[in-house]
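One structure follows; several queries about it will come next.
Going in written order, the chains are labelled A, B, C and D, and every chain counts its residues from 1.
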Amino acid sequence: MDLSGIYPPIAIPFTQEEAIDFESLHFNLQRWLSEPIDGLVVPGSNSEAAYMSLEERLAVMRVCAQAARAAGKRLIAGTGMETTADTIRLTQAAAELGADAALLLPPYFYKPAMNRAVLTAHYRAVADASPIPLLVYNVPQFTGVAFDNPTLVELAQHEKIAGIKDSSSNIVQMASLKALCPSFQIFAGTGSALLPFLSIGGAGCIAALANFAAAALREVWQAYAAGRNAEAAALQVRLAQINAAVTSTYGVPGLKYAMQRCGYRGGWPRRPLLPLDASGQAAVDALLDALGLAAPNS
Amino acid sequence: MDLSGIYPPIAIPFTQEEAIDFESLHFNLQRWLSEPIDGLVVPGSNSEAAYMSLEERLAVMRVCAQAARAAGKRLIAGTGMETTADTIRLTQAAAELGADAALLLPPYFYKPAMNRAVLTAHYRAVADASPIPLLVYNVPQFTGVAFDNPTLVELAQHEKIAGIKDSSSNIVQMASLKALCPSFQIFAGTGSALLPFLSIGGAGCIAALANFAAAALREVWQAYAAGRNAEAAALQVRLAQINAAVTSTYGVPGLKYAMQRCGYRGGWPRRPLLPLDASGQAAVDALLDALGLAAPNS
Amino acid sequence: MDLSGIYPPIAIPFTQEEAIDFESLHFNLQRWLSEPIDGLVVPGSNSEAAYMSLEERLAVMRVCAQAARAAGKRLIAGTGMETTADTIRLTQAAAELGADAALLLPPYFYKPAMNRAVLTAHYRAVADASPIPLLVYNVPQFTGVAFDNPTLVELAQHEKIAGIKDSSSNIVQMASLKALCPSFQIFAGTGSALLPFLSIGGAGCIAALANFAAAALREVWQAYAAGRNAEAAALQVRLAQINAAVTSTYGVPGLKYAMQRCGYRGGWPRRPLLPLDASGQAAVDALLDALGLAAPNS
Amino acid sequence: MDLSGIYPPIAIPFTQEEAIDFESLHFNLQRWLSEPIDGLVVPGSNSEAAYMSLEERLAVMRVCAQAARAAGKRLIAGTGMETTADTIRLTQAAAELGADAALLLPPYFYKPAMNRAVLTAHYRAVADASPIPLLVYNVPQFTGVAFDNPTLVELAQHEKIAGIKDSSSNIVQMASLKALCPSFQIFAGTGSALLPFLSIGGAGCIAALANFAAAALREVWQAYAAGRNAEAAALQVRLAQINAAVTSTYGVPGLKYAMQRCGYRGGWPRRPLLPLDASGQAAVDALLDALGLAAPNS
């Protein structure tokens, strides 16, 4: 299955009392699904999946799967759990809810034990039991587990393991992986890496930035696809500061604030995450204004 | 509350089908509580807490709290969760079940966001709501979050935050912390660090090794307490290889195998963890035999 | 000064007795300077600069400057030393010998002390005293010092500091840097990153691979420049395995062996580096053969 | 040879023009050699060895060897260089100048290449050629190279390799090493680790703090040796803040300032290191005053 495209790993709005705000989620879904995206990823890192119960994850998947299907877009479900058994159950549940594919964090608590043998046994067991294709999610900044290429090459041999989201932006490793596994679908994990990943045969991006600037990412790709490389570079680079702000610099609280300013409903984060403070807000405001991304009356 | 002492962070036996084996747990509890320990820690890293549901954590706490109380020992409950709200709820539940104190991992998924402001707000919110004293659990090898001393000094000012388990064995940092917060109770997080931690005023250890070699750790402490320092050093150092085997080298599967060999019921780990392989078993056997720790007919 | 282009950071052949083999160096220079490169970088990491005396560094620079000038190519001299004073002296000497620019490692022994204030004071002092433009060399895998963007932006304000070689291949950071400092010249530090760096406005590469496969790198660039992006990606990716072999996998000994097989004179490394062992040789042979890079009778 | 004891790795005073200030060095030597130390280590990390030429290193060794011998103290020479050949030459020269032993940093530029085979070949070649015993210097915070125990056990089998200075303060690793190599002499690399290292059979310390507080370290040891363990702990812990200030917090500039305040001649550091700034001076002043370490009229 060709999954190539641009996907927002969607943020989930919470109320101040830390409950999921489904009304705001529906509001956001209407907007996202009218943007030039290929689908949604949920629940992922930007959805605060780590802060949701299993029931909440399923509830969110259900809502998003229905909305995505109605709009003719794909849904990629985040289903990685700490145990193999839980991961299998959640992946199967996601498939039943209509997910097109699943994106799987590795188990990561026992980092030193997550060697090649353990990781491949885990992913293969899930893939054997999964009705839908899987993407490996490499995000060592959150998991402390970095996939090396021998492990990925072994995983790629399973027919159900279709690709990777590489949030470490390790372009050199990904170039080698592409050489070793030409049909493996390699997604950038952050907006600033879209063009570099495309340049080595990447399949697109799953990027926080696509929560509120999908059209800008689409323009980067279109310029590149048309061979207008200087224009593509310029379009890519001008997104770099806001991309950093909603990822490495301010994280999910920064993303939620930027969404709010762009006409989405950002909502509150769950504690221990704290809402973006005033200086962070000013920085994000300035970046959005410079790009003309803020909504008129936000 | 003076919590000083030697504590096993107990391993939980699972059946081959990955269910909690409560019968084996009861068997083990009888043995542990007849050893020279001051209490139990559960569920902790060595309990595969990260691999248990909330209900399972509560069930295990309940069983252990009853057994500990009956034996006149303390129970320190592992109650750190990813969200502040869940951590408060689990800590309060542990207190109701009779836990004497709680040991709290920090939230750790969004590692880059776990700065001093976020961590102190989280721990203070939990401490404000907790009926029992708290210990901070510093285990960057699993969490990727390392507490610095300014953060710890700030936490130590809360009357409910009584100490730390430092599994990073950062003896230099702990010496500074002891100077800054003389009444803070500092526990070694691994058996090999017991004596070095005692040497700078530490309060004991919470160590995997105490699952099957508590008496040997007690001898180290007694020799030191009596000023027989050369003997203490010799007793401490001879435990170093087996301590490494059941922690950094082979992790929980190594610990479970060693327990089995020493007359406990180790049981299976949950996947993705795999049982100790044959070469690991041979290595652990040799170490246990050299120390005379293996049970006669194991 | 526009320094954009492809540069080999040349390897220096040593005799088995560990002396510089100037005859072989001359032989190699003839070949390099007939390749589609824009100049030479020497002495750099691949030259074993860290293993040369000051006198040797100057001798090598002199030979290479003369050869480069005769061929109408640029020479970029590696002049970073541990002290500010030594770095100034070596940079000035390089300029006198005819270097067009200098590439400067940061001081790196006292890693924790190499903060923004210390690094900017160091580089500015050198830039103030330098007759030629400077490139910052970011190679944390060797130095343990990683430049952040606030430091680089500050350095870029000096008229003599023209760009960076980023061997960390941090494409996301470089995209931000390009946005912040549009005229800063950003060079990939490894062959596999050439195209990704070009895609965000990079200036080329200074890459070990260019010691024996400059033409292949040139083809990547030409395809990209002509907007033949799929072809460029394919050409780039097929170089990934050999690029890894002569950098992260086998280092300088791997590079020297590959050069030897491609008709250059690789020579011996200096100890503690050891010549590539048999299994490494077989791996490099296979990669070179697959690409048709090996010389007929090598 | 039993090298156990307390050693300052001496700081070298430079003039404002960055020349070695031999007069001040002589002044300091008179004071050091009247303190309760067992010898001097020079040139080491605290001597800015990385910032000295080979000639300067030899000149400093010569002066210190003569002074140490006259006082009946040992001299341990820092002789680790990037190449094996240079390290052999400098170690032999140190022996000729009268050094009792040598302390050897590993080669560290090509960090990924410094595997067990390369490190053992290097150290063995030096040991084979050395007339004096060697100590391995493990200081990954500066070198980025961390020795593991299999490598150290292999090195310990050479009759000329007598021990290690472990500035990583990895007490757990050192406990294992002591078990594996009972006669290996293990030195703490920082003052705060003296007592923890002694508690597992360590041989003393080579610590920046001994440049101006050797008597306080000696008191720690004496209390421990007499079995007055609570007193030893208290004496050790009260040194923790000033120890951190002159090592991890402020580095060599902090050490030089503290020496100056304690009646030694600290002198200037070489650039890129900058003299301790005013806020750092105030912090060090407060710590020295609290301990009564500052000289009356400093």
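Assume a contact is a pair of C-beta atoms (placed from the backbone, for glycine too) under 8 Å apart; a residue touches a chain by one contact, two chains touch by 3 or more.
Computed from a predicted model, the values in this text were never measured in an experiment.
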Would you mind checking which chain's C-alpha centre is most distant from the centre of chain C? B
Could you give the separation in Å between the centres of chain A and chain B, each centre being the mean of its C-alpha atoms? 35
Inter-centroid spacing, chain D versus chain A (mean Cα positions, whole Å): 49
Note the residues in chain D that touch 2 or more other chains, in rising order. 248
Which pairs of chains touch each other in this structure? A-B, A-C, B-D, C-D
State the interface residues of chain A toward chain B in the complex, per the touch definition above. 18, 45, 50-51, 82-85, 107, 109-114, 117-119, 121-122, 125, 141-142, 144, 248, 251-253, 270-274
Footprint of chain A on chain C - complex, ascending: 169-172, 175-176, 178-180, 190, 192-193, 195-201, 224-225, 227-229, 232-234, 236-238, 240-241, 243-244, 248
